[in-house]
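For reference, chains read A, B, C and D in written order, and residue numbers begin at 1 within each chain.
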């Protein structure tokens, strides 16, 4: 194993880690706002990416237009799901198990719809910055990876500032900490919950569009993306969206080192063993309870 | 200012309030006293819309607000301080207050930040502290401040003295008196009759979900010596 | 020998930096009814949860039937003879009244899951045994066994919870705010039930804010800010200046 | 009243025995799968209906049952019965060792942990190709035989598969109506109260998890001998989700609901096969619909319909 191999792996791990972070943040935002772990989250990514592909290829619109179209699907689906399914179920005081089943059902239905209407083929999007690569210390870095990392960092910072600096962001946090306290402070708690699904859907779609130039996306991509996102969010503590960034990067780097050091086949074994262990022994994630996590 | 007619309310199979009627006039301070389990908290939750009444009406200045969602109570200039304060623990004092200010912005402004600092000097010092690092008494003050920034003319408080040391309670009572001086109407829900009598004009005694007795203005002292009080609170 | 079935010595508890219990010392004699009252936030429920094993013991000692309680789990404590009820009755909503009581009796059975799977005679025999035990207990409390538990009104739920607790034949019954949400008539039924249980030989620890209910207790302890501020019989408690201050502010 | 009821049971039995002779080979084949899925689904349904545990890991035990039969008979030449026994023993042991810590979790985290187990298992099946044959799989698994009666057609295997399914249903029904069943339902309604009554919840849940794993393993062993071939594609997370669908769609309140659910997931895809993969969409929508509208699944729907037609008590 050479140094450049390790660096190459690290580079891949960081790139993947940011994707896991975006997905994990979306999951954590939704969880914090609604106490729902959204098993169909990866479908936000798949639908966002597939929509971008379709608009780009079929209608020959410019790339930026296709991306905006793809990005919009996440919030739209998120709002639809919250308003039509989650809200009535919360009113009936549904259990966690029922939300697992509900979102698994949605995951199946959306994945199968992609299969049915788009087909089995994987689709790629053009890389941002074309196929240009940088070579640093024998490490090949695609320009798209740099774009991906930069955009992810901007999204993370924007999200952080949104939660910290805007009253809307504070209201979202407040509604998740104490619903009754929020209602008596004049915050429309139900609307905040819809908003968390909108925001979660947007984060999912961003992740999907960013990864599609690197990995061909097909109807099976959603569930694995969700699972990695859940692992990232659990590592980060689940109630703290920014924890998912630490969780996602940790996960991405561990995975890539396992691929180099052990075998690619065992990366899921390791990832998900860690996930189980963290849930049992560190239920508040690797960051612990500190900081500004949620209720 | 606030009129409640034949309110019936409860949780699931359990009916807690049976036919409760009461009223509060402009600038008036009224207490609801009663033992635990009498339905005091249920009454507060029903008035402010966290719990839907099974029947009966709640009128604020003649407008029926029994279907108004809790988050729109500020439109009717009602603010509530719930039991246990219900602050946003990880957010700072400033952030907690900011959220209320955002909602109270449209209403006629009665309280601004300067008023808050004047009423609670401690808040100005601890603005950037997360509220869960404050003492119980300080938290209670933040909770009252948060309610005031909704610009109410009726303040409803559920057990503001719970779990607080006597000295802290005294501080809070002083603030409430100050607010009364500024014309605020007050509905105070209290288990502790001594506290209730110190700051309200009259009271309703709630027992097993019904108004059992009314204490008229000026009758607090006679009531406090009344044998019925001992019976209602300490058993026979 | 008539000793104390439950003995607390210097029990304290802190949540984070917040002292909930300073130092509580009290004991429940065998066949006694001891009341613990105090206003909201005085630490009653915390103390109750420490005794029954839902919260860890931080400082002080607890002795139950002569043996120290330290890290025993909730089921272990139940098996050693103490049983509790909950502030809001936790009955099994989707089961019948009789089945609720039968669950309380399950711990006295000896057969395992494999015998249950194969429905072996011994397992069926024990099932019959707990069913007849549950029917007897239901009869004693005037509960209709075949009603779905979800249909019971508040007072009956309390009674069912107590009946279920007694089906396991405990030595100490701990009641957490048993009078909350009861009307006058139900309250009288509850008091009668507690008296009857006690006459049958059970010790009772009654935690409540309700002074009326405390008429059944032989001695009452008053908890305020995590400390016992008074103890004695009910008449003495009612005249106690500290207690009047706490409850009435006068 | 006994006689008409007995006659009805007898009629049902005769119909059941005659079915393979009346139906096409293909339909019988589907009914064999219904039986196998019923066995695996019973375990998942027991956890969901009695303990409120969402188990998304059943494919792991299904795989263990299948691979132990494949490996022991094909690679080592052991008799068929050892495959069943070793698979069952390994599954129960793993369920004990893994279940003990994992079942401390509840709600979402428990569901996610079982999902993670399924992924770990399918990765291991993939990687340990010396044992599982990896993607190529293991072929030539011998047909079962009973005292010289070879179960080499769907019509013949049908009786074994359904025999096992009915036996499993009987055992689970015994359990549900026993003290264990009482404690389980108590735990589902209020775990706190059940613990306060002296029931060791974790050990109780672990034992039910072991039973569920046992049923999953037996179903996997039946599957391996029936199709004579196993490969990693049969034991993925999708399969685990499929097993969860069975009791949820059918209804967890009755054992027959599991049978109904198993029929639904085996027969519906066939009926819709001309439309391509549309059944997958329907499964998803059906799951959402059941969760939102039909808490007792299709069986609950059937009962409502039967109630409207005036047939009370379709099944116990």
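Here, a contact is a pair of C-beta atoms (placed from the backbone, for glycine too) under 8 Å apart; a residue touches a chain by one contact, two chains touch by 3 or more.
Note that the structure is predicted; figures quoted are calculated from it, not measured.
**Q** Have a look at C-D versus B-C and report the one with more C-beta pairs in contact.
**A** Answer by contact count: C-D.
**Q** Could you please state the distance in Å, as a whole number, between where the Cα atoms of subunit B are centred and where those of subunit C are centred?
**A** About 33 Å, centre to centre.
**Q** Please compute the C-alpha centroid of subunit C, do the same for subunit D, then give the distance between them in whole Å.
**A** Centre separation, subunit C to subunit D: 42 Å.
**Q** Subunit B to subunit D: how many Å between their CA centres?
**A** One centre to the other, that is 56 Å.
**Q** Which integer distance in Å separates the CA centroid of subunit A from that of subunit C?
**A** Distance between chain centres, rounded to whole Å: 48 Å.
**Q** Classify the inter-chain contact topology: is it line, ring, star, complete, or other?
**A** Drawn as a graph, the chains make one closed cycle, so a ring.
**Q** Just spell out which pairs of chains touch, all of them.
**A** A-B, A-D, B-C, C-D
**Q** Mind listing the subunit B positions that touch subunit C in their complex?
**A** Those in contact with subunit C are residues 13-14, 16, 35-37, 159, 162-163, 165, 191-195, 197-198, 208, 224, 229-230, 233-236.
**Q** Going by the contact rule set out above, which residues of subunit A touch subunit B in the complex?
**A** Subunit A reaches subunit B through residues 167, 170-171, 173-174, 177-178, 180-189, 292-295.
**Q** Would you tell me which residues of subunit C are touching subunit B in their complex?
**A** It is residues 39-41, 150-151, 153-154, 177, 179-181, 183-184, 209-215, 225, 234, 238, 243-244, 247-250 of subunit C that touch subunit B.
**Q** Within the complex, which stretch of subunit C touches subunit D?
**A** Contact set of subunit C toward subunit D: 52, 73-75, 78-79, 83-84, 86, 90-95, 99-100, 102-104, 106-107, 109, 111, 113, 116-119, 123, 126-127, 130, 161, 164-165, 168.
**Q** Per the contact definition, I'd like the list of subunit A residues that touch subunit D in the complex.
**A** For subunit A paired with subunit D, touching residues are 37, 85, 88-89, 94-102, 104-113, 115-116, 223, 227, 230, 234, 263, 265-266, 268-269, 272-273, 275-276, 279-280, 283.
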